[in-house]
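Please go over the structures that come below.
Shared between the two complexes below is chain A, which pairs with chain B and chain C, respectively.
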Partner chain A sequence: MARVLVGVKRVIDYAVKIRVKPDKKGVITDGVKHSMNPFDEIAVEEAVRMKEKKLVSEIIAVSCGPTQSQEVLRTALAMGVDKGIHVEVSGPDYETLQPIHVSKILAKIAQQEHIDLIIVGKQAIDDDSNQTAQMTAAVLDWPQATFASKVEKGDKELTVTREIDGGLETIKCKIPAVISADLRLNEPRYATLPNIMKAKKKPITKITPQDLGVDISPRIKIISVDDPPVRQAGVILPDVDTLVTKLKEGGHIP
Partner chain B sequence: MKLSSCLKTGLCNSPGTSLYFHNIYQVQYNQPINFGLLTMSQRQQVVTLYKTLLHLGKDWPAGYELFRTKLHKAFIKNKDVTDPEKIQKLITHGEYIVKEIEALYMLKKYRTLKRRYYQ
Partner chain C sequence: MFSSLNRARSLLSLIRYYSSEVLPQLTKDRYPNIKRGNYAVLTQDHLQYFVDLLGRNRVLNDPSDCETYNIDFIKSVRGYSQCVLKPQTTEEVSKILSFCDEHRLAVCPQGGNTGLVGGSVPVFDEVILSTTLMNKIISIDDISGVLVCEAGCILEELEHALGEQGLMMPLDLGAKGSCRIGGNVSTNAGGLRLIRYGNLHGNVLGVEAVKANGQIIDCLSTLKKDNTGYHLKHLFIGSEGTLGVVTKVVIHCPQKPTSLSLAFFGLESFDNILSTFKRAKKELGEILSSCEMLDAQSLNVVKTHLKLKSPIDDYPYYMVIETSGSNEQHDEEKLNRFLEGVMGDGLVMDGTVTNEPGKMRSIWDLRERITEALMYDGYLYKYDISLPIKDFYSLIPKMIERLGSDATRISGYGHIGDGNIHLNISVPKFRQDVLKKIEPYVYELTSQLKGSVSAEHGVGFRKPPYIHYSKSQNSIDLMKDLKKMMDPNNILNPYKVLPF
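Right, the complex of A and B next:
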């Protein structure tokens, strides 16, 4: 039976208002609530559902990041993943960690653990790169089924329905393969309290990129991080004529 | 037969404490999803329910404190109920609330993401 690898990223919680650091080199992360990237939750859920249907034998979750990344691994374990691998990358290395590095790490782990299927979220809600799945498939030279909204696993192949502009595309590909989960793939379960307690007994292995022989030297330099433009305040006009004049001034009507 | 081997083989036929232990064994290892509520005493069920709700409250949009106070009030309000049937009804209601809150969180997340990425 297949062995599945899921990638999980620790990101700032989706409900938190993001604030930029005063020096414009990043966003404030200290004392801010973090949680698992929502798209990765969908990926984990899909893997767990496959296991419940007895289509896969073991699920391994991987997270690259500082020590706190183990929290999201625990959440994944509580959702039904069997074991976790924490690839420790912290400090300045983590700030410039890019999908290219993560994909190499995922590929190495996939080879070491004899993985048949990699499922990741299509993108993280912090950097919105949307590259990890594609790059991992390229590094391993495996087929890729990105933006999946439905996955059917056969013995040697996958039938995946993909979300594309203005419609759906159904493709077939061989296993091993890389899948990236879109929003409508499934509804992730909530990690219940008893399951979180049980997850504490499941193993998490800690390794470094150097152990895997992956070079994580920065490819980019962060020059500046800016807030999105603020919406300008509106004005209240006394009558229609003024409105028409204003609109003409703004070039909205001829 | 020793008690421990009884527990492992599940061959406890004698009533009393060993049967009780047998039940606990069932709860912990054989019923991972249902918290084994059927085999718990009502008191345990209420405590588990309260803890589960508290855990859910940590993600409450209006803040944990508000949730905790309201939850406490709701439980205190029924502290004098002694009729087992009534208690069972209240527990069932509580479990329904747990499901509703989970669904609420899921929907909130789904809608936020949909608004951010698909419109």
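Right, the complex of A and C next:
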């Protein structure tokens, strides 16, 4: 049976309003509620379902980030993952950590843990890179099935339905492979109380990129982070004539 | 991100659903026994006065513009007012009321029109005084926690503005995106945080209101303590627009908690709910900020109609418990011990707990959107009852037995921590005979159990004939005397609250 690796990133919760730091070098994260990247939850759910169907023997979740990343690993463990690996990256290192680094870390762990299948979210909702799955596949020289909305796992191969522009594409690829989860792949479960309690006893191993021999020196420099432009408030006009005049003034109609 | 998308989508479908529906029957036709009072009928001259006062844009008199102001949130009543006024200042409210008093025009004050007892819409053709444009925040003091604002501010917007200063509103309810603080004060709204912060009679420090004759009553004290003379503000808290129009309020706002968690439980019996509640009070103590229950039918309705997802498998009863405090570690430790205890002792069969804002929102939706979901069933008979806690759920089995297949769904949910249950009976279409089977039976039962026939929604239009089930004759007589003194011509929200 297959061994699965899932990537889980700790991001600012989607229900929280994002604020840019006064120095415009990033966003405020202190005291801000974080949670698991929603697409990664979908990845975890898919792995757990495979395990429930006895297609998978063990699921390992990896999170790269500061100490608090262990919280999302706990969530993954409570959803049904067997063990967690926390790759500690903090401070300025974390601010410039990019998919290129994360994919090398995932690839290394996949080799060490004899992984057959890597599932990650198609993108993280904080930096929206949409690169980790693709780069990981490249580093390992494995096939990739990105934007998956349906996955059927056979013994030696996968049948994956992909969300593409204007429709769906169904592909087959050999295992080992890398999958990236799209929104419609599944609806992730809530971690239930008995499982949250059990998860407390599951193991989380802490390592560093150096332990894996991965160089995380920055490849980019953040120049500035800006708020999107504020939308101007609408106005209510008293009648159609005024509207027409206004539209003409604005050059919207001749 | 995507959950807000889903939410917007389902709201849209609700709007579509209702715009394709036929309008509810006019109140005057559905309740033919209620006769229009001897009020003036709106004339062109009256309208002209209002237009001169407010300008063309703040007077609506086109029937289609007035329609939504004439129908209540749950589509149970419909008036036929042809005039909606939107004042922006207390002085304008004062001029409108003194004009209406002088010309014997009846007036219906309206806030967000989310009231659930038919109090916020006209019964006949009363002029609608809408507070929607009185929506300015006047001041927020982050040291004393005192908020001063106009009556038309939307509850959720106040919550956001206060959040910026580390404060919060002492009340929260499912209608927060639409209801307005003047409406909340006028109905003494309870809601989801009452168990922790108490009700508005305690949290409102001051009120500015306009009497029926246009006189402005300034009780806008920002002081926490002010024992000079009678506490007039209480006359306007919970009097549902019958004693005056609230124009400004002062609210004492608690500190916004920095640590927040939410648990959702599945339970096998109502007794286990009571035991869990008792344990929560004891073991969570001061961090317990909400304690709600819902039954299987209530959860089913949001799953069926709004396609919301339950965190756990099916159980006959569910609870939502919120904790909030100022120290995450402390709160978590307490909460974990409590969770292990109630699970270990078999009180709670399954559940989930989270401190992630997105997940907490999704769990709250299961509780807060029940009313919205129930409306897809058709017509809703809605009751808001306080009962001694041991009898909290006792009405539901009795109503199921009494109504049998007449009802599509009979469900109960509510503020278990405050002994306040919402009994909901849905049917495909309004039926007089079903109404007769429910009322006054449900009120008689409540009275026998020494409960209240209106716990938090008020009396409005729907309950005046039943207030004697919860109030003595002498009390009702004193209420009538007060009304006569404050509004001798009975122009403010007639046909509401007091039995005639």
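Following the convention adopted for this analysis, the second predicted complex is superposed on the first by the 254 of 254 C-alpha atoms of A that agree within 3 Å, B and C clash if a C-alpha of one lies under 4 Å from a C-alpha of the other, contacts with A are read in each partner's own complex, and residues count from 1 in each chain.
Keep this in mind: a residue touches a chain if its C-beta (ideal position, glycine included) is under 8 Å from a C-beta of that chain, and two chains touch if they have at least 3 such contacts.
Worth saying up front: this structure is predicted, and the values here are computed from it rather than measured.
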item	value
Clash-or-fit label for the pair chain B, chain C on chain A	clash
Chain A residues touched by each partner, larger count belonging to chain B or chain C	C
Partner chain(s) touched by A:238 [first = chain B, second = chain C, both, neither]	second
Which superposed partner A:31 touches (first chain B, second chain C, both, neither)	second
Contacts of A:15 with chain B and chain C, given as first, second, both or neither	both
Contacts of A:194 with chain B and chain C, given as first, second, both or neither	both
Touched partner set for A:183, first chain B, second chain C, both or neither	both
Clash-bearing segment of chain C relative to chain B, given 128-136, 182-190, 218-226 or 344-352	344-352
Residues on chain A lying within both footprints (that of chain B and that of chain C)	14-15, 38, 125, 183, 187, 190, 192-194, 196
Parts of chain A lying in touch with chain C, wherever the complex brings them together	13-16, 31, 33-35, 38, 125, 183, 187, 189-194, 196-197, 236, 238
Chain B partner contacts - residues on chain A that touch it in the complex	14-15, 38, 125, 183, 187-188, 190, 192-196, 198
Chain B - residues contacting chain A, complex	32, 35, 51-52, 55-56, 61, 102, 105-106, 108-110, 112-114, 116-118
Chain A contact footprint on chain C (complex, rising order)	1-4, 56-57, 258, 263-264, 309, 311-312, 339-340, 343, 348, 350-361
